[in-house]
Every structure is written in C-alpha cells, then in structure tokens.
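Paired with chain B in one complex and with chain C in the other, chain A is shared by the two complexes that follow.
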Partner chain A sequence: MLEAADLMVFYENMLALNNVSIRCGKNQIVGVFGANSAGKSTLMYALSGIMLDIRKKEAMAGGERITLTGSIRYLGREISTIKPSRRAKMGIVLCPERRRIFKESTVLENLKIGGYLASAAQAAETLAYVFKMFPALSKLKNRLGGFLSGGEQQMLAIGRALMAQPKLLLLDEPLLGLSPLMQATLMRATREIRNERKISIIITEQYARPVLPIVDHAFILENGSAVMEGSREELMDNPDIRAAYFGV
Partner chain B sequence: MEILIYGTINSVALALYALGFALVYGISRLPNFAHGALYVLSGFIAWSAINTLGLNYPLSILLTMVVMAVIGALIYYLFLIRVRGMEISEIIASYAIALAILEGLRWGGFRGMTYTLPAFIEGSTAIAGISVDYQRLLVVGFGAVLVIFLWLFTHYTRIGLALRGMAQDERAALMLGIDSDIMAVVAMGLGSMLAAFAAILLLPLGNIVVESGYNVLILAIAVCIVGGIGSWIGAVLAAFLIGFAQILTVVYLGSHYQMMVALLAIILTLIIKPSGLFGQQKELEERV
Partner chain C sequence: MNTAAQQRRKERIDRGIKVRTDGLYALMSWRELAYLIAPRSILIVGLLILPLVMPGRYWPRVISIACIYALVAMSFDFLAHYVGLVSLGGAFFVGIGSYLSAILNTSLGLPPLIAVPVATLAGGAFCTLVLLPCLPLRGVYFAIVTLMYPLFMARLIEALDIVGGTDGIMGIDSFPSAWIEQYGVIVMVLIFLFGLRRLVNTDFGLVLRAVKDNDQAVKASGMNITRYKALAVFIASATGCLAGACLAHIYMWTGISTFALDFSILPIAATVIGGSGTLVGPVLGCLILVPVSELLRDFGTLRIVFYSLILLAFVVFRSDGLMAYGQRKYDQFERWTKI
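Moving on to the complex of A and B:
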C-alpha cells in the first residue's frame, strides 16, 4: 500500500529523519513509536506531503531551509513530489498531532468541512458512520469545536479525517493527554474503523502500551532513525523494547 | 430620526465597502490593498457595458460581477501567489496593482464628473417626514440580503465551509484536501465580486471618480481594524459604529470632518484594543 524508503529530512543542518524506511500493507495497522523529538510528526508530515507545504512557506518567509529526500510509493506510484492536497485526494489523510480542530465551527461543521473531498452521498454515509462510531459526538453536534474536551476533540479529529474518505489514515499521537479509559475507547474504535472501512492506518505514539494490542507491525524511531521493526509479537518479546517503550 | 435613517444607510454602505476586504483577509490572510481600485474599476466596467457596449442595465450588472470575479482571481493567480506569506510584499504588490488600475483609468480618460451609473429606481419617498431616495433604501435592503446570503453560503455550501476551515487553520484544511491556493483564488474572486456589488449599489448615489478608490480602501481598512481584522461579524458591527459616528460628526461638527472619523477610529483601536472588537480567535483561546 505505502512504502517509504530512505526518507531524509533536514531543518537547516539538523537531521530530523535519517534514512527512515517504513511500510504499511493493505488493511494493516502500523505503529510508529518513539520519544519526543524522535521524528514521528516529521515522518507524518513527509508521508502526507504537508512537509512540502511547510518547506514552501519557510522558503517564502525566508525562514528555515528544509531539505527533503527519499522515495514514497503509494499504490504503486511515486508520490514524493505530489502536493498535499492531491495526496489527500488520493486517499492519504493526516489526522494531526494536537488535533487541530476548527475551534470556531460546530462539531457538525467540522465534519462537513472534512467532507470537502467527498461526494454528497459519501459524506452523508460517512457522517452517519462517524456518529454511530462515536455516539458522544452526535449529542454535541452544535457545540463549538473549541469547547470540547480533549477526548471529544480527538474523536472529532478522527471523524473529520474519515469524512475525507481516506484509504490510508495517518494518526499522529491520537492519545496525547487523554485518560486511560479514553485511550482504550479510541484504540477500540481505531481497530473497528480499520475492519469496517477496509482502510490502512499508521499510528504514532510515544508510549506503545495502549497502541500495541491493535497493531500488526511496528517501527521504533530514535533520534530520527528507525532503529527496530517487527511484528507485534516480536516487539513484545524483546526485553530492551519492553523496558524502554512499554513500561513493563 | 434623520440621524437614524442616514446613519443606517451610511453604515450599510461602509459594510459593503469592507466585506470584500474582510472576506479575503479572513480566509487567506491576504491584505488586498487593491480592493478600492477594484471597486472603482467595477464602476467603469458597468458604465462601459451600458454606454459603450449598449447593454441594458441588469445585463451590465451581471457582466460586471462576472468580469470582476475573473479579474480578482487573475490578480491572485498571476501576481499575489508569488509573494504569498510575505506580508509586506503582499501589501506592496496589491497596492501597486491598485495604483496601476486607478492611474491607468485616469490616464485612459476616465476623469471628471461625467461618469454616472443610473439608479435602479428613480425617485424618493418619505419616512417619518424625511425624504429618502429609493436607491438609498435599496442599499440597505441589498446590504441585508448580502449578509444573509454570505452567512448561508459559508454555513451550508461545500466551498463556503471549506473557506471557513481554511480561515481557521490553513494546515488542518490542507490535510483534508482543501488546497490553499485554490481557496485563495476563490476568495479573491468572491472579494472582487463583493467590491463590484458594492460599486453597483453605491455609485448611482454619486459620480464615478478615480479618487474614491483610495477613500474606499481607507474606509474598508478602518472598518476591518475596528471590527477585528478577519472577523465578518466584527466588520458589520464596526461599520455601524463608524457609520453612525460619521453621520453624527457631519450633523454636529461639519461634513469636512467626516473622513477623520475613520482614521481616528483606526488610531484609537490600535491604541486601546489592537485586536479590534472581535478578536475572536484570541478570546476563545483565553477561555479554553
């Protein structure tokens, strides 16, 4: 489905991603774990193409010089030079870190804005699906996005991304700052979404324990490099990994 | 009573000037200093359509709106896209376009008091003993219709919702496939169309003169700064604030102080509350 090889990202002279290669198969959930500043969000920005937009803006404003190399193949096509809005249309939709809800729009409007790329029929179908998956949201339809709790915002962010009809959903730190109960709810929902919508999901997180039960395969990032990868079982059995990322 | 009626009319006129500017800035963070020039240009295009091409009035109006939308979109696509993100350059570039349009018109022979657009309906009526011509009443009516239309457009259509998403968080919108350049083209097209709408409603009240391009720009900026730049509700409220202040000034101080009101409003706002009446985004952040 998606295969990224030798991704390198520099901010000026700082190496943010160093030769990272990751894969995600059809209908798989792939985890990417790493500490703060390991390069998780940079990786997500590179895959979704947002990095191209950031680079353009920085160049315009005379800010940081960003260098981006490597190849990204998606559905058999090289997409590393395709701009982010086109990638979204091709089905790569990023649900960003810190959720980035439209705070001055209602829950319903947030979802409708998410449905920009969808046909009317798709949007209606997905809207019903999101409210079925997250019943809490359907009660808050007319509440402004800015007045939701963290968990509700995260549900909304995932719902909004689903409205864009993803084939590959990128979830960047969806559990950040949420209660264990909410984390479990969201992970269960993520697995159901994968099963029911037949999509692939890449999910990043600092702390692997709540995410690991639902992933098929995972990568570990450390200081911008992918230091280890393996299936769920392989990672669970590795004592170093257990100590560093699972807190067992 | 006179103050109330003419204050309202003046306020709606200011809101019409400002809405196009506020819309473009709100969506694309693009200060379009060519807004006043586009307003005047619309007047001349409509005049030419009627007098040179010999079209009837409604058709000319329609043609002007369409042509202006295309011109606005082209201005972004050909010029402003190259300086996106560099605020000072955006202002300089758009102001240069304004100068080119306005001085170009002057050079092309559009001078003096001979250019006027016809009123929609001639004549006047009396409200509570004060005579008001129909065109001024139409300004208020169409102004209200426009605000309602814009509200519906931005709340219920796909493009309108996308524009609002873009206005709130450009990068988040981009992740959902909303392309910022396409949206900016749409915003500029729409903003220019609003300038044309304002011109066609308001120009029949006077002559089409090149100088009003600069005045309209200043008034639009004043309204947007007082209202909280980028906020449409703020712009409408500020239009009423400045509109009534202007009329009161005219009545009690003399009409030559009228232009000062807008400039004073800019200065006072920047001193007292730089984010304007509706610095919405900030307020919300503080509460959360």
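Moving on to the complex of A and C:
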C-alpha cells in the first residue's frame, strides 16, 4: 500500500531521518517505535506531506533549510512531491501529535470539518460510525473541543481523521499523556477501526507495550535510523528491544 | 525527488572565525577581534560620518529624522520581540515626549538640554502609568489598545483646545548649536541601541524574554510579571519620548501631528525590513526607509504606492529582514554536499 524508501530529512545540518525505509501493507497496522527525537513525527510529516509545507514556510521566513529526499510510493504511485492536501484526497490522513483539535469548535463541528472531503452520504455514515465507536463523544456533541479531557480529545482527533475517509491513517503518538485504561480503550478501538473500515494504519509511539498487541509489523527508530524491523513476535523475542521499548 | 540535482543539498556552516570569537578566544588575535569589532564600528563610524558627507542642509536633517524614527523603532522592537507586547503606540510616546519637552521649554523656560532628559523620564513615567491597566493584555489586544492612545490624545487636545489646540506649540527653543542638534540624536541612537542590546542579555532581560515565551511559567516561578512588564514599558516609552522631545526642538514646533499614525506605522515597517528581534535591524530599516520616502516625494501621492510595494515584497520574500540575512552571510558560509 505504502512504501517509503531511503527517506532522508535534514533540518539545516541536522539529520532527522537517515535512510529510513518503511512499508505498510493493505489492511495492516504498522507500529513505529522510538524515543524522543528519534524522528517519529518527522517521518509522519514526511509521509503526509506536511514536511513540504513546513519547508516552504521556513524558506519564506528565512529559517531552517529543510532538505527532503527519498521516494514514497503509495498505491503504485510516486507521491513524494505531491502537496499534503492532495495526499489527503488520495487517502493519506494524518492524525497529528498532540491532537491539534479545533479548540473553539464543538465536537460535532470538529468532525464536520474533518468530513470536508467526503460526500454528504459518506460523512453522515462516518459520523454515525464515529459516535458508535466512541460513545463518549456522542454525549459531548455540543461541547467545545477545548473543554474535553485528553482521552476525549484523542478520540475526537481520530474521529476527525476518519471523517476524511482515509485509506491510510497516520496516528502520531495517539497515547500521549493518557491513562493506561484510556490507552487500552483507544488501541482496541484502533484495531476495530482497521477491521471494520478496511484501512491501513501507521501508528507511532514511544512506549511500545500498549500498542504492540495490535500491530502486525513494527519498525524501531533510533536517532533517525530504522535500526530494526519485524513482526510482533520477532520484536518481543529480542531482549534489547524488550528492555528498551516494552519495559519488561 | 530522486533526480541527480536533488541528491545534493546546500549546507550552512559557521565560519571558523565565528566559532573562535564566541568565547574568550576572541582576545587571542587581532583578526578575531577585528571580526567582532568590524560590523559594530561600521555602524558607529558610518552613523557619525553620515551627516558630514551629506550635502546641503536638507539631507542632514533627513538623517536626524531617520534617527528619531530609529529610536521609536527600537522601542517597538524591544517591546514586541523581547517582552511580547506588540505596541502600536509609537506615536503616543513621540507625542507625549514632544509636548512635555515643549511645555517645559516654553512655560518653565528650561533650556532644551535640560528639557529633553526631563521630558524623557517624565514622559516615560506618564506613558507607563496610563498603559498600566493594559499590561495584562497580550498580542493583538494590546496592539489595539495602544493604537487608541495616540488617537485619543490628539482628539483630546483638538476638542478641549488645550496646550495650543490645533495650532500646536510654537516658539520652542532649538538646540544650542547645529552640531548638538545633529549629533545629539545620533549619539542617543547609539547609546540606546547598545544599551538595549546589553539589557536584553542581562538577568533582567532574561526574565523579559521569558515573559514573552510563557508568562504563566514566569508567574509560577514567583516573579511579579506586571512589575517587569511595567519596567520594560517604561524603558520603551522613555526611548519613544526622547525621540519626540528631540523632534520638538529640531522642528521648534510641536502639534497634534506628532500623534499621527506615521510614528506608529513607519517604525514597524522599518523593523520588518531591518529584521525583527535584532534591535540593529530597526535602525538600519529607518536609515533606509526614511530617505527612500524622501526620495519618492517627487512622485507625489504615488509615493505611498511604491512604499507599500517595497514593504509587501519584504514581508513576502524576506520576512526575516535584512539584518538576519546579513548576519547569516557574515557568520556562515554555504556549500553543496552530497547526501
């Protein structure tokens, strides 16, 4: 479905991604694990194309010079120069780190904004689906986004991303700052979404343990390089990885 | 993206001499010292020589006006980029300063050399006092409120017909000699420029910059941010008042036009062109903008069109400003490297 090869991203002279190649198959959940500053968010920005936008803005403001190379193939097409908005239309939807929900819009409005690309019928269907998947949100329809708890905000962010009718959903640190209970709920929901909506999901996280049960394949990023990859079992069998990312 | 051309990237690297001059090594050799001193001395010597090489009586006067704008622009830059208060009240500071100095001179008979510093301090105190209620405001709200102040003062003077009304105050003494008039402002610009640059790197400046970044965290560290903001506003408004006071004695007249929007807008434009957050940038910007606007006088009202186009181009294509660009070229070199 998605195949990124030799991705390199420089922020000025700092190498944020070094020859990273990752793949995500159809209907797969792929995990990307790494510590702070390993390059997880940079990878997500590169895949979703936001990096092109950041590069342009930085260039205009005379800030950091961002260099981006490598190829990203999506559904058999090279997309590495395609604008982020076009990529979203093609089905690559990013659910950004720290949620970035629209704080001054209500839950319903947030979801409707997400459904901008969808047809009316699709939007109505997805809206019902989101409320079914996250019953907590349906009770809060008219509350402002900024007044939601962290977990509810994350549900909303995922729901908003779903409204854009993704074929490939990029979840950037969806468990940031959430309680273990909420983490488990969200991961269950993520798996169900994959099963029911038939979409592929790439999910990044620092701490792999809550995510690992649902991933089919995972990559480990360290200082911008993909140092390891493998199926869930292969990673669990590696003692170093277990100690570093699973805390056992 | 895999074409051969894009497999190279341009990297920026600090010049060796820049790295060496960052620390005590700067004292090691004349070359390093010269590297540090050269840009500063170009500015100082350049500013001091400028009036001498300018022909006639008209252009030296333009330089004086540019310096007055530079003071206001510095105060804007200081408030906006080191304290986080975007003030559109440059005209308010200038107006208060010029009226105070004019009144001190005409009513109390103080000579300009005493009236100007007194007006600077008293004006700074007055401006701080009236801005005190607005200090909790941030961002665009502070900007709107400070934009109101000069309009308010101008209409107040006009409507109540106080301090000269629409005629303004005439018969203000000029500086004792043309030399003092010319160099007083220039030296003041230099003093305030280097003073502010030093100030923002002291502990006090550190707190101010922290207030800009996150005022709640500063409060949580047990500091009274209103006090720090008030002090910063005093410094900035005193700078603006000094500019206004000098203006009154240079023109030997003051009126409600000192509250005109020009004194709020042009300094901001100069800051954008020169490079915001550098403090030198605004001075440079004024030294470019003011003469340019004089040169464009031949075009009549079209002047504003050209002026706006220049500004537009800068904001769109070089929003970091000349100074940041120049600094980068001075400190770093670029080269192509293979990825």
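In this section, the second predicted complex is superposed on the first by the 248 of 248 C-alpha atoms of A that agree within 3 Å, B and C clash if a C-alpha of one lies under 4 Å from a C-alpha of the other, contacts with A are read in each partner's own complex, and residues count from 1 in each chain.
Convention: a contact is a pair of C-beta atoms (placed from the backbone, for glycine too) under 8 Å apart; a residue touches a chain by one contact, two chains touch by 3 or more.
Remember, predicted model here, so these are calculated numbers, not experimental data.
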Side-by-side fit of chain B and chain C on chain A, or clash: clash
Which superposed partner A:V20 touches (first chain B, second chain C, both, neither): neither
Contacts of A:M8 with chain B and chain C, given as first, second, both or neither: second
First (chain B), second (chain C), both or neither touched by A:S48: first
First, second, both or neither for A:F102, with chain B first and chain C second: first
Contacts of A:S85 with chain B and chain C, given as first, second, both or neither: first
Partner with the higher number of touched chain A residues, chain C or chain B: B
First (chain B), second (chain C), both or neither touched by A:K57: first
Chain B versus chain C as contact partner of A:G114, first or second or both or neither: first
First (chain B), second (chain C), both or neither touched by A:L94: first
Clash-bearing segment of chain C, relative to chain B, as chosen among 148-156, 166-174, 238-246 or 292-300: 148-156
Chain B and chain C contact sites that coincide on chain A, given as residue numbers: 60-62
Touch list for chain A against partner chain C, complex: 8, 10, 12-13, 60-63, 65, 67-71, 80-81
Contacting residues of chain B [partner chain A, same complex]: 83-86, 155, 158, 161-162, 164-165, 168-169, 171-180, 182, 280-281, 284, 287-288
Touch list for chain C against partner chain A, complex: 1-2, 6-7, 9-13, 316-320, 324-325, 328, 339
Contacting residues of chain A [partner chain B, same complex]: 48, 50, 53, 57, 60-62, 83-85, 88-89, 93-96, 100-105, 109, 112-117, 144, 146-147, 160-161, 163-164
